[in-house]
Structures are given as C-alpha cells and as structure tokens.
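Should a chain be cited, it is by its letter among A, B, C, D, E, F, G, H, I and J, assigned in written order, with residues numbered from 1 in that chain.
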Amino acid sequence: MLYLVHMIVDIPASLPAEEAARIKAEEKSYSQDLQRSGKWPHLWRVVGEYANYSVFDVESNEELHNVLSALPLFPYMQITVTPLATHPSAI
Amino acid sequence: MLYLVHMIVDIPASLPAEEAARIKAEEKSYSQDLQRSGKWPHLWRVVGEYANYSVFDVESNEELHNVLSALPLFPYMQITVTPLATHPSAI
Amino acid sequence: MLYLVHMIVDIPASLPAEEAARIKAEEKSYSQDLQRSGKWPHLWRVVGEYANYSVFDVESNEELHNVLSALPLFPYMQITVTPLATHPSAI
Amino acid sequence: MLYLVHMIVDIPASLPAEEAARIKAEEKSYSQDLQRSGKWPHLWRVVGEYANYSVFDVESNEELHNVLSALPLFPYMQITVTPLATHPSAI
Amino acid sequence: MLYLVHMIVDIPASLPAEEAARIKAEEKSYSQDLQRSGKWPHLWRVVGEYANYSVFDVESNEELHNVLSALPLFPYMQITVTPLATHPSAI
Amino acid sequence: MLYLVHMIVDIPASLPAEEAARIKAEEKSYSQDLQRSGKWPHLWRVVGEYANYSVFDVESNEELHNVLSALPLFPYMQITVTPLATHPSAI
Amino acid sequence: MLYLVHMIVDIPASLPAEEAARIKAEEKSYSQDLQRSGKWPHLWRVVGEYANYSVFDVESNEELHNVLSALPLFPYMQITVTPLATHPSAI
Amino acid sequence: MLYLVHMIVDIPASLPAEEAARIKAEEKSYSQDLQRSGKWPHLWRVVGEYANYSVFDVESNEELHNVLSALPLFPYMQITVTPLATHPSAI
Amino acid sequence: MLYLVHMIVDIPASLPAEEAARIKAEEKSYSQDLQRSGKWPHLWRVVGEYANYSVFDVESNEELHNVLSALPLFPYMQITVTPLATHPSAI
Amino acid sequence: MLYLVHMIVDIPASLPAEEAARIKAEEKSYSQDLQRSGKWPHLWRVVGEYANYSVFDVESNEELHNVLSALPLFPYMQITVTPLATHPSAI
C-alpha cells in the first residue's frame, strides 16, 4: 500500500552541532535500512530545499505511523501524508 | 532528470459528455505511450480526489513542458511541478 | 484501518432540480448500505455547512478510493482524506 | 452533543525534558479519565504527525472549553473545534 | 449557548431578479422572527461587504444547524460557526 | 459605533511566570473597567483557544486604537478589527 | 475618520457589454462626486490589476457602508476595509 | 526600471474559439513589439502551466500599468507585479 | 511615483528595552525627515495592530528600496510594496 | 536550462554579528563567482524586502540543487524554485 510523504526538516539553531550531526547519521542509517527492506522505495530531495518527497510501501496506516514517528529527525520535521491508489491509466 | 508533478482535473459541467469521454480516452492512450517510453515512470491516483501525483523522467524543463502541455486534459487541469534531485541518503 | 474524510458538497446551479434530487436519493441509499456494512462507521453533519466529517473503516487505500469515487455525489464534492492510527493514550 | 476537535502539539525545545515527560504523563491520565467517563469517545493519531483528531461528547460549549483548557498540554497545543450535528443520511 | 456565525452571501448572476427578491424577503422575515424569539440576539453588517457577523443563542449544535440550514439564503451563503464560552474577565 | 475584534493571545515562554501573572491581572482589571464604561459591551472566549471575540462601542477609529493599544497584553496579542454597521434586517 | 479600502473588480462575462459600460460610467460619476465632496480623498489604480486602493474620510462605519454599498460596481467587487488611526510619528 | 511580472492566463470556456484565437494572435504581436522595443526584455513560460514570468523595463509605474492593461489577454489574466532593484552582490 | 507600503513591526523579546527605545527614536526621526522632504506623504496606523500603511512618492524602485532598507526598524519589519498608478476616475 | 529562484533571507537574532558578517561576505563572493561563470545570469533585489529573485542557467535539477545548497546563507533562507521553458511568443 503506497503513500506519498512530504518531509520538511527544520533543525533549531539551539541544537548543539554534534547532537545534530549524530541525529542526522542515525537518520541516514535508519532510512537506508528501510529502503533496503522495500518499505521506503523512493526518496528524492526537493531542489533548493531541506526537504524530501518519499514513497512508502507498508501494510497499514498503523505501520506507516510507526515508521515515521521513529525517524530520528521526527521531532524536527513537518510531515504530510497522502494516501495513493492505483491510477486507472497506469500500466 | 526527475520531476514530481501534481495534476488536479476539473472538467467543466458545460463540456458535452461525449467530448469529455473522447478527451479522457485520448488522455489514457497518450499517458500510456509516455509510460511505455519510460518518460512517465510513476502515475498514482490521490485517494478520494480526481487528481494524481506523477513522476516524470525527461531531458529538460523544455521537454517536460512539451509533454505536459500536450496532455489532452491540459486545458482542464491545474498542474504543479516540483524538480527533484538525488537525496544523499538514497541507496 | 481508519480514515477521517471531510466532504464539502457543491452542486452547480446548472444541474436540473430533479436530477439533483435523484442523485441525492442515490447518495443516501449508497451511504446507508456502507454504514450497515460497517465500512462507514461515523457520518456527522458540520454545523452550518453543506459538508460532513466521516470515518471510514476499510482494508486499504485502494478500497477507500473505490468507495469514495463511487459516491453518487463524487463529481460535486471536494474530499480530503486523513489517515488515522491508534493513539497511545486511547483506551 | 458532539464536537470534532483537532489538536496539534508543539512542545518548545526550551522545556526541560523531565518537565515535558511529567506533563505528557498527566495528559495521558487526564485523557483516559475523560475517555472512561464517556466525554471523549474517540481519540485518533494523525499518521505522521504529533497531532490528533478527537470527538468529544459534552453538554455545552462551556463544558467543552473547560475540558480542553484543563488539558495539561493545553499551553502547547493549537486546537480547532468543529461543532457536529446529526447527518440526515446517518443510520 | 452562544455561537458567533459569519455569513457571506453570494447570489449567482443566473438567479432571476424576482426570485432573488422573493428569497431576500423571506430571509428578512425568517431572520426577524428568530430575532424576536431571542435565538438570534445580534446581527451586524460587515462594512463594505455583502456579509454579516451574527450571534446565536440556542440549546444545542443540533438546533443551530436546523436554524441555519433553514435560512432561505442558505444555498447561497458560505457560513462559518465559532462556538463561544464565558470569558473569565467578562462581567 | 461598533467593531468586532478578534484577539489571539500568545505569551512567550521566556516571560517570567510572575510577570505574566501580573500582566494578566492588569488586563482583567483594565478590561472590566472598559466593560463597565459601556465601551466593551461583549467579551466571549473562543472554545478551545486562548483567544476571544469582542465587540467594542467607541466614538471613532482613533478611540478604538487607543483602547486596544493600551491593553496590558497588547504586545502579546494578534488583533484583527472588523468595522460593523446596522444590518437592514436587524430589529 | 479614515479607512483604507481595497476594491477588486470582477465583472462576469455574462454581463452584456452595454450594461457593463453603463455601470462603469455611473461608477465614474458617483466616484467623482464623492471625491469632490471630500469623502473619497485618494483613489489609486493598483499596477497591473483591475483593482484600486482608496482612502475614505467619513463620519462613521455606518456612513462608509452606505457609501460603498451604493457603488454601481458594488455587486461586482470584492472589498476589504482597514480602519486607520493617527500614527504617532506622523507630522 | 525593472519589474518582475507573473501572468496566469484563464480564458473562459464561454469565449468562442475563433475569438480566443484572434486575441492570442494579437497578444503575440503586441508582446513581440514590446520585446523588440526593449521594454519587455524577458518572457518565460512556467513549466506545466498556462502562465509566464516576465521582466519589464519601463520608465515608471504609470508606464507599466499602461503596457499591462493594454495586453489583449488582460481581461483573462491574473497579474502580480513585483518591483525590483539592484542587488548589492550583482556584478 | 507612488507606492503603497504596508509595514508590520515585530521586535523580538530578546532585544534589550533600551536598544529598542533607541531604535524607535531613530525611526521616528528618520521618518519625520522623509515626511518633511515630501517622499513619505502619508503614514497611518492600522487600528489595533503594531503596523502601518504608508504612501511613498519617490523617483524609482531603486530609491524606494534605499529609503525602506535604511529604516532603523527595517530588520524587525515585514514590508509589502504595491506600485500605484493614476486611476482613470481620479479627479 | 533556466529556473526562477526566489530566496528570502532570515538570519536569526541569535547568530553573532561577526559570524553573520563573515557568512554574508562568503555569500557575496560565492554568488559573484557563479555570476561570472554564467550560471547565475540574473540577481535582483525585491524592493523593501531582504529577498531576491534570481535566474539560474544550469545543466540539470541536480546541478541547481548543488549550487543552491552550497550557498553560505542556505541554512538561513527559504527558497522556492520554478522551472522555466521557452515562451512561444518570445523573440
């Protein structure tokens, strides 16, 4: 089941640089594990922004929320979820 | 080169039903040709809306505009284009 | 799997009154069948508006889109879908 | 009398972690008491967000404001209230 | 129980002038009956707009929706309802 | 001369609690003096929000600005003013 | 007493050209009478738009609404009113 | 003196096709005359939209409004004007 | 050449009170010099807000930017500029 | 390949003045190198704002993101990218 997910990252200036670096490293590792598992099939950078558009392929709303709320950057992101379905013209 | 494209369809009530049907059939055929060519790799329906999110893979802004403005439904759609780039965490 | 769905109805003045009445009657019947089936557990009127908030309980994004796009009033509604998950404080 | 309530939580980074944890625990307890009393019949997490949609069943606008403004997280939430009524197609 | 109600009137040009005049006369009569009954204690024109802000005093959300949806101009208005409560500084 | 005034209060977390308490007490006293004088005939809490809708009855735009900008909470509020006039259907 | 007024004109295509011309001529005449009377001291075109920003100098909210709602183009305009006061730095 | 101008074209379906074609031909000719004169140095299509971003180089606000309001498509466009100045880092 | 300028002032709580007072005094002096020179012919307070609407009369976009960006409060203001032209009905 | 880029600068008050000055100097140097290379052909100040509109001429979405995300002020800017194509009326 597919969802388009838009994530805008906004790390507050008050977060110490080392902590920010650690969180970003964890985010990268967590994200790559999910990509390898097939649950996060697409991850694209939005040109000119600290943001991404992603496609997730999970079993349920529940699983998607668990995956997203466990993102190390979750407290610093504004996330919007759009449920997707098969398009009648898709081949 | 990838772009996320959001299309909202709004066919005016004044368009005769047969003409609308003809345009939609042309749209489907045109869309499927582009999907087969590899230029329109993803086409998803937005749940609950007469709208889609698509990913296009073309050579340039110019080619994307040519492809989109030739859509049979182009006069009846509101289109938003977001240029995409490689995400540093993408595998 | 639960979704909150917001529907705003806007029937164009150009639709003949009898056709509007026929569509509304079909909508009511279709809606009540879904309510009886358990797929549409909540349907509330928004006070002062020709709009509703509903909760749907379906198997997938796909099923939700099929249910919504088959609504007799679908061509005359603006629909917004919000996927829901279990709240950690819910009993 | 039913109301749909949308709550977005935004705890400032300046709030010490222990105080945040204490407030969240109080919120959970307070919320569960209200759920048990029947005044807060539905509480759902919005997928991908630190937000919820809730349905409250109270006697009056006055009672709803008292219940909401006593939420331990009230100072850190953006709340929107939508009054609901019986839908003519509801069974 | 008090509610602030904002009504914006937008009568389509396609409505025949006599019918518009008849509906407005019915609206005036209906509104004045409700004012006399105490259910519509305040009705103000917004300066420069075909709109009003009103305060309603009714028993419930249900009654408010019944009153508003029976307004002769209801099909031609955009209505927004804000539930009100006692302010702690009000005398 | 009547005006509808919407006030949203947002006291920054950096303001010491005692100072906030002192300002709120001054606000209450100032507000009640104005209510007694007849210049602030209505003051309602917006359900679920730290906000109010008020009606002011003053001689001029000038007087209204003087009254509002002297509110002890003025530096912490977002205020919107809507001038009101007699509605032709008001009794 | 001064007000800034923003007017956006949108004449529907369905209005016959001669009637539109007649209304615009009446608008011009009405506007120039008010300018001569001192009640409409400033009238500026917004560059690139069929819109204007104006300043009105009238006795009351009531008078402003009477003046604006009598504009021959009133049914075809979207009007926003901002009450103005003396600025403490104005000379 | 430079201005960035954003033009969105929206030709109503009720305009006969031949008249639309004639207006577009006049628009092209008018636009190319202004481009040759140096007053319209840049004209770009927005990808995926019936819209353009343009740069105009004129003597004054007055001249810009005269140029824009004389566009054959002016009645069918939504135009936004942004005045530009020299950037301190521009070479 | 005239421009309507909207300025919203938002001085951060972190700015020391004496520095804020000094900047405001400089702003007043700078503003009054420009008013005396004829470049800032109108300056009005927006009722209920820490904001103003102003009219500037300068030679060019360039001069307007120089005047505005030299305002002592410039770093603490959100400014919107609307170019104005002669209205055909203005006397 | 052309893109219109809108950049709004918002440097937090917490950034030490010398560091801000150093970043701005680096930004100027970086920007002028790109202008000399032909990749940043236009850079204009938006009148009255700490913002610019720019045109970039690069090979791909990828290159544009690399150029923008390397701006020394990138962490302090809100950037919006609009892909451009040839306009059929452009000479």
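Points worth noting:
Following the convention adopted for this analysis, contacts are C-beta pairs under 8 Å (C-beta built on N, C-alpha and C of every residue); 3 or more make two chains touch, one makes a residue touch a chain.
Worth saying up front: this structure is predicted, and the values here are computed from it rather than measured.
Interface comparison, G-H versus H-I: the higher count of C-beta contacts falls to H-I. Taking each chain's centre as the mean of its CA atoms, H is the chain most distant from chain D.
Both chain I and chain J derive from one sequence, and where they touch, under half of the residue numbers involved are common to the two copies. Work out the mean CA point of chain E and of chain F, and you get 24 Å between them. Averaging Cα coordinates per chain places chain A and chain J 26 Å apart.
Within chain H, the positions touching two or more other chains are listed as 2, 14, 45, 47, 61, 64-65, 81, 83-86. Contact between chains, using the touch rule, shows up for A-B, A-C, A-D, A-J, B-C, B-H, B-J, C-D, C-E, D-E, D-F, E-F, E-G, F-G, F-I, G-H, G-I, H-I, H-J, I-J.
Interface of chain C with chain B (complex): residues 5, 12, 14-15, 61, 64-65, 68-69, 79-81. Residues of chain E touching chain F in their complex: 2, 4, 27-28, 31-32, 35-36, 42-47, 52-53, 55, 82-91. Across the interface of their complex, chain B is touched by residues 1-3, 60-62, 64-66, 81, 83-86 of chain J.
Chain A makes touch with chain J in their complex at residues 13-14, 45, 47-49.
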